[in-house]
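Read from first to last, the chains carry the letters A, B, C and D; within each, the first residue is number 1.
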Amino acid sequence: MSARIPVAVIGATGAVGQRFVQLLSTHPWFEVAALAASEARVGQRYADACPWVVGGEMPAPARDMVLRPARADALGCPLAFSALPAAVAGPLEEELARAGVAVSSNTATHRMDPDVPILIPEVNANHLALVEVQRRRRGWSGLIVTASNCSSAPVTMVLRPLCDAFGVRSVHVVTLQALSGAGYPGLPSLDMLDNILPFVPGEEAKLEREPRKMLGRLVGGAVEPAPIAISAQCNRVAVADGHTVCLSIALERRATPEQVAEALRSFRGEVAGLGLPSAPQPPIVVRSEEDRPQPKRDRDAGAGMAVTVGRIQPCPVHDVKLVALAHNTVRGAAGGAILNAELLVARGLIEGVS
Amino acid sequence: MSARIPVAVIGATGAVGQRFVQLLSTHPWFEVAALAASEARVGQRYADACPWVVGGEMPAPARDMVLRPARADALGCPLAFSALPAAVAGPLEEELARAGVAVSSNTATHRMDPDVPILIPEVNANHLALVEVQRRRRGWSGLIVTASNCSSAPVTMVLRPLCDAFGVRSVHVVTLQALSGAGYPGLPSLDMLDNILPFVPGEEAKLEREPRKMLGRLVGGAVEPAPIAISAQCNRVAVADGHTVCLSIALERRATPEQVAEALRSFRGEVAGLGLPSAPQPPIVVRSEEDRPQPKRDRDAGAGMAVTVGRIQPCPVHDVKLVALAHNTVRGAAGGAILNAELLVARGLIEGVS
Amino acid sequence: MSARIPVAVIGATGAVGQRFVQLLSTHPWFEVAALAASEARVGQRYADACPWVVGGEMPAPARDMVLRPARADALGCPLAFSALPAAVAGPLEEELARAGVAVSSNTATHRMDPDVPILIPEVNANHLALVEVQRRRRGWSGLIVTASNCSSAPVTMVLRPLCDAFGVRSVHVVTLQALSGAGYPGLPSLDMLDNILPFVPGEEAKLEREPRKMLGRLVGGAVEPAPIAISAQCNRVAVADGHTVCLSIALERRATPEQVAEALRSFRGEVAGLGLPSAPQPPIVVRSEEDRPQPKRDRDAGAGMAVTVGRIQPCPVHDVKLVALAHNTVRGAAGGAILNAELLVARGLIEGVS
Amino acid sequence: MSARIPVAVIGATGAVGQRFVQLLSTHPWFEVAALAASEARVGQRYADACPWVVGGEMPAPARDMVLRPARADALGCPLAFSALPAAVAGPLEEELARAGVAVSSNTATHRMDPDVPILIPEVNANHLALVEVQRRRRGWSGLIVTASNCSSAPVTMVLRPLCDAFGVRSVHVVTLQALSGAGYPGLPSLDMLDNILPFVPGEEAKLEREPRKMLGRLVGGAVEPAPIAISAQCNRVAVADGHTVCLSIALERRATPEQVAEALRSFRGEVAGLGLPSAPQPPIVVRSEEDRPQPKRDRDAGAGMAVTVGRIQPCPVHDVKLVALAHNTVRGAAGGAILNAELLVARGLIEGVS
């Protein structure tokens, strides 16, 4: 226990913050040492300050922790996980990085900064080189890395091996997104019973932008976005957890569904062999049943960190169509940011940790 | 009352059969005079033979009707609506047509027969010319016309004005289909609570085929399918009624979202002015709110016969993307077949009715 | 049209306020002439000020009405329907009554005032005599009558004929209440998907109190509560509309299930023959199927104003057990308050209306 | 591994059968050695014969097991878990018992046989004495013990400590039962979306009968039912797993809610100290939050074997009211039967196992 790295969770009372606390409660490398929340809640017990909404019981050690302000001196940890609302994350995360903290963020604010990587270790671990640029340019001893948007995660993980094997020209994606993606309280039950919503605020723009950055090439200290056209239509459906994405993909070089399945199945990612505790093996599970993936049955594959793919078929418009699914608050949020932090540790990028 | 045309509903006990009975109970032109069901149920009272699943109460006049076999002599009506299972519909519908009955079918069996039209009056009323071919070739005094698959209906209605105004090259469609599309008992509740199914048996093939026939040109007594590539991915969601379709469309001639909206909004269809009782005015409702159409709020537009369209946006991959919605058991099934029969009446194609 | 009584809806933007606007839009006696909302929304168009959540489209005439403050001079109507939040209803409703307005309220605030009736016309129209007491005591030219809590309505309507026929000693009631009872946005979807909540704030106390007042005797200008012990356990379930109540009832005089059914079936209530437009005939629908009543299939009975009862059985603990259901925002809220106002009109209690 | 007792699951392809296979896959004492199914499926691979519906993946060792007939010689195990349909369970279970097999059944068939115990180890381990009667009377070398109906389990577990501490005179219970209680495919999704069903076939009778037997006294080789009047009203709700029961209880001796809570909280049951692997500690979890228990949040308490109780309040009709919840396919079915078998092992009642 004493050997574990003390970490902070900032924005700890929201749904993603809770997921961080839950996943970290059994983490072999990290130990939650500080929880931070907005000014109004500072000083409250964690158990009093938030209704637990992510399943199971609030981990016992967290219950009595007193909420602190999101400042480096108050947190006293070399590593912080950020689940802050986008509206306030900007300056707070920067201040922590300036003060030497490694910030693994799940917030959108800094994702498109040229010197901040959006990181999926299996996909673009090499983008960590941006941290050096970031530190030099901003004079930080800490750093910021971001996890992708929850829908971008499965899309990008599927595209990586296809880019490598066949090249990808364009992608049309339609999402069926889970309720937990909207946080808590999130969507009113009257809107989601016997209904779907064909709109997720801000989501289509993120989905048309983030995968291109993550799949881009690092050229001279900056990421050149991948030349892939992406069109997204995003829907909210009455599913608690697990985003489903329907993809139609135009490839540079023709491939059969079998070749596509094989490329996905054999994908191991850039971090295979590093022994990162949260990295699923394999990262992509390919299923052959005609009615999979399903949120209820597949969201927990690889402890919620694997992407499940099925229904790989020839596409009469593009080259191939398929359906992918990932747990949106594990792989697509807190779990993804934890995996990012594991990579930071493995690369020796966290101050005072070797 | 006495002036109404006596009609039969065959396959009357299933979910679509019930919808026929419900919609026809208040129809100004048609009066249900006979109900037919499978051999095992012949002789039973309708109220005893089927659990009513389509909302409201079973219409009083239908309750005591005794189920008959699906034979022309037993039915004694010049017009029959067919909701038969595809497995048995083929010979039964043909026999009725041979015996002089006009069959307006909601079953898939005959849809792709070269001399049988798939009819959406607003879209391809001119395909009724196939009836002449059908009668000549088969020696029938009756006829068969079919209604499209439930998802094909909104897709085709949206494509018709776009084909006319801009030309359509290809379409990628992802559906979020309602439970009632699977009939009753249909999907198990354990599969549909907190879940979606990425598979609707047979649906993708129908959706990639039927709209091309309906949008095709009539050349020398046959339909030449429209040269449009269609790719479909079909999902089942926890919605009672109302199929949502997400479309990405490549046009022959560029058009702005505003131009697309205007083409849809001003569409009146080939039957405007005929006074068909079930024809909605307008056939397509265009909404500008960012979170519409929604099944719960829009499925009953135009008494369930209108298609509601929203979220018309430029598409980074094709030209335009949009979301459309139609009531799957009204416009997409029983209501569509009733509208088809109204057109038959207006064109004088029903024997003994002028 | 000109003969209709101009009415105001106060608290018009909430879920119950919207239901008032919806139901009144086709009312034969009343015409919505004014809509009132909280200070912050005064001056806004109704269509801009509220998201429509009660089904169908916002009635066209209401769309462009400008929201007014809830003051008699600003409203200019002899009759007002109140859907105000309990926190603010008290003084506002009193001020209207003082200024001569007849207030038909759906709010809990004044329900337990000794001189204010909780009114269900079929059950206790005679309690209208309290209006005279109210006016004398408070010096009002207007008046306040209240509709019962949404769960109390079906419970009380079922108990009335049983009290009359057999006497009722005690009642144990367990509710399964619909989402719309919590207003909009109401319950978070994450709490109501794959879940029930065994708690509805304040509801059990209301249910143990209000039916006793409504079933009480008028003695010397006050209501003496009926000597019935009521125990309530209230649950929230994933149903949009329609509260189900499971009742176990101890009678003064033994009765068979058949006698209980007959008492319920033959119940007509105190207002039969008055021709009140919203009074369902019969008020109670008794069903004999073993799986009814069901919210989805029975909530719209009698245009949402009837109570449906089923599963009448001997009770091993008390005398009889049964299940009742009513539409919570129609009979249990806006529709109930409209029926109350119809009774006020019939009794000549609305100023300037004869 | 080699020390584990080989067990058979009969009726292995249904929902409860699958739950047996799932729970037994990690059991420290038992190892699934044989799976049995109906004649039509004998000879098929388990993975081919059933769609897996109980969550997670089918345990790997079970996938390739070949289904056998439910005969002792074909099974070759001293212990069998039965999830047979009631219609066929009678003679099959008896034949196994005659052949020396200890049958731990989840089926209703033999529950009310005078010489067969309905067993909840914490509640009535002493009823195991009936096995001796059973063997003597029927000439069996094996035995049959049964687990209670899924709703009876939480009701009986709650009543046991209350009987002991205060005496119980009568109980009114209303259930809100989960979908999985109806097996698979079970209820149609169209019936359970936006709906509840006020009827669970056969359930009310079981609930009014079984707890009385389980709480009864053993007198002269037979159980004398406890003199408790029970009235039950059973509802199906849209919850996947977890039956909620609302209880109103008349006690012999008055008790405050605090005393009731304390009696429940301190209950340990007759098997405390035996080290049965599936026995939760404590058997009853008492929660003080005003909105608990909830199926989603509490069904997995004690690995699905604990009963969670909340909302303990004075009852205006009886003495106390409360809400209890248990996982219906774990504690209320397969898990309960496994715990029963553990007790058989501890008591040395399984042939050839010591």
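Definition applied: a contact is a pair of C-beta atoms (placed from the backbone, for glycine too) under 8 Å apart; a residue touches a chain by one contact, two chains touch by 3 or more.
No experiment lies behind these values; they were computed from the predicted model shown.
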item: Selected interface, B-C versus B-D, where C-beta contact pairs are more numerous; value: B-D
item: Chain at maximum distance from chain B, centres defined as averaged CA atoms; value: D
item: Between chain C and chain B, distance of the C-alpha-averaged centres to the nearest whole Å; value: 41
item: Intercentroid distance (Cα basis), chain B paired with chain A, Å; value: 42
item: Intercentroid distance (Cα basis), chain D paired with chain B, Å; value: 48
item: Residues of chain D whose C-beta touches two or more other chains; value: 193-194, 238-240, 296-297
item: In the complex with chain A, residue positions of chain B that touch it; value: 170-172, 174, 176, 194-199, 208, 229-231, 233, 235, 237-240, 244, 246, 248, 250, 290-297, 310-311, 313, 315-318, 321, 323
item: Complex interface listing, chain C residues touching chain B; value: 55-56, 193-194, 296-297, 300
item: Chain B residues within the chain D interface of the complex; value: 53, 179-180, 184-194, 238-240
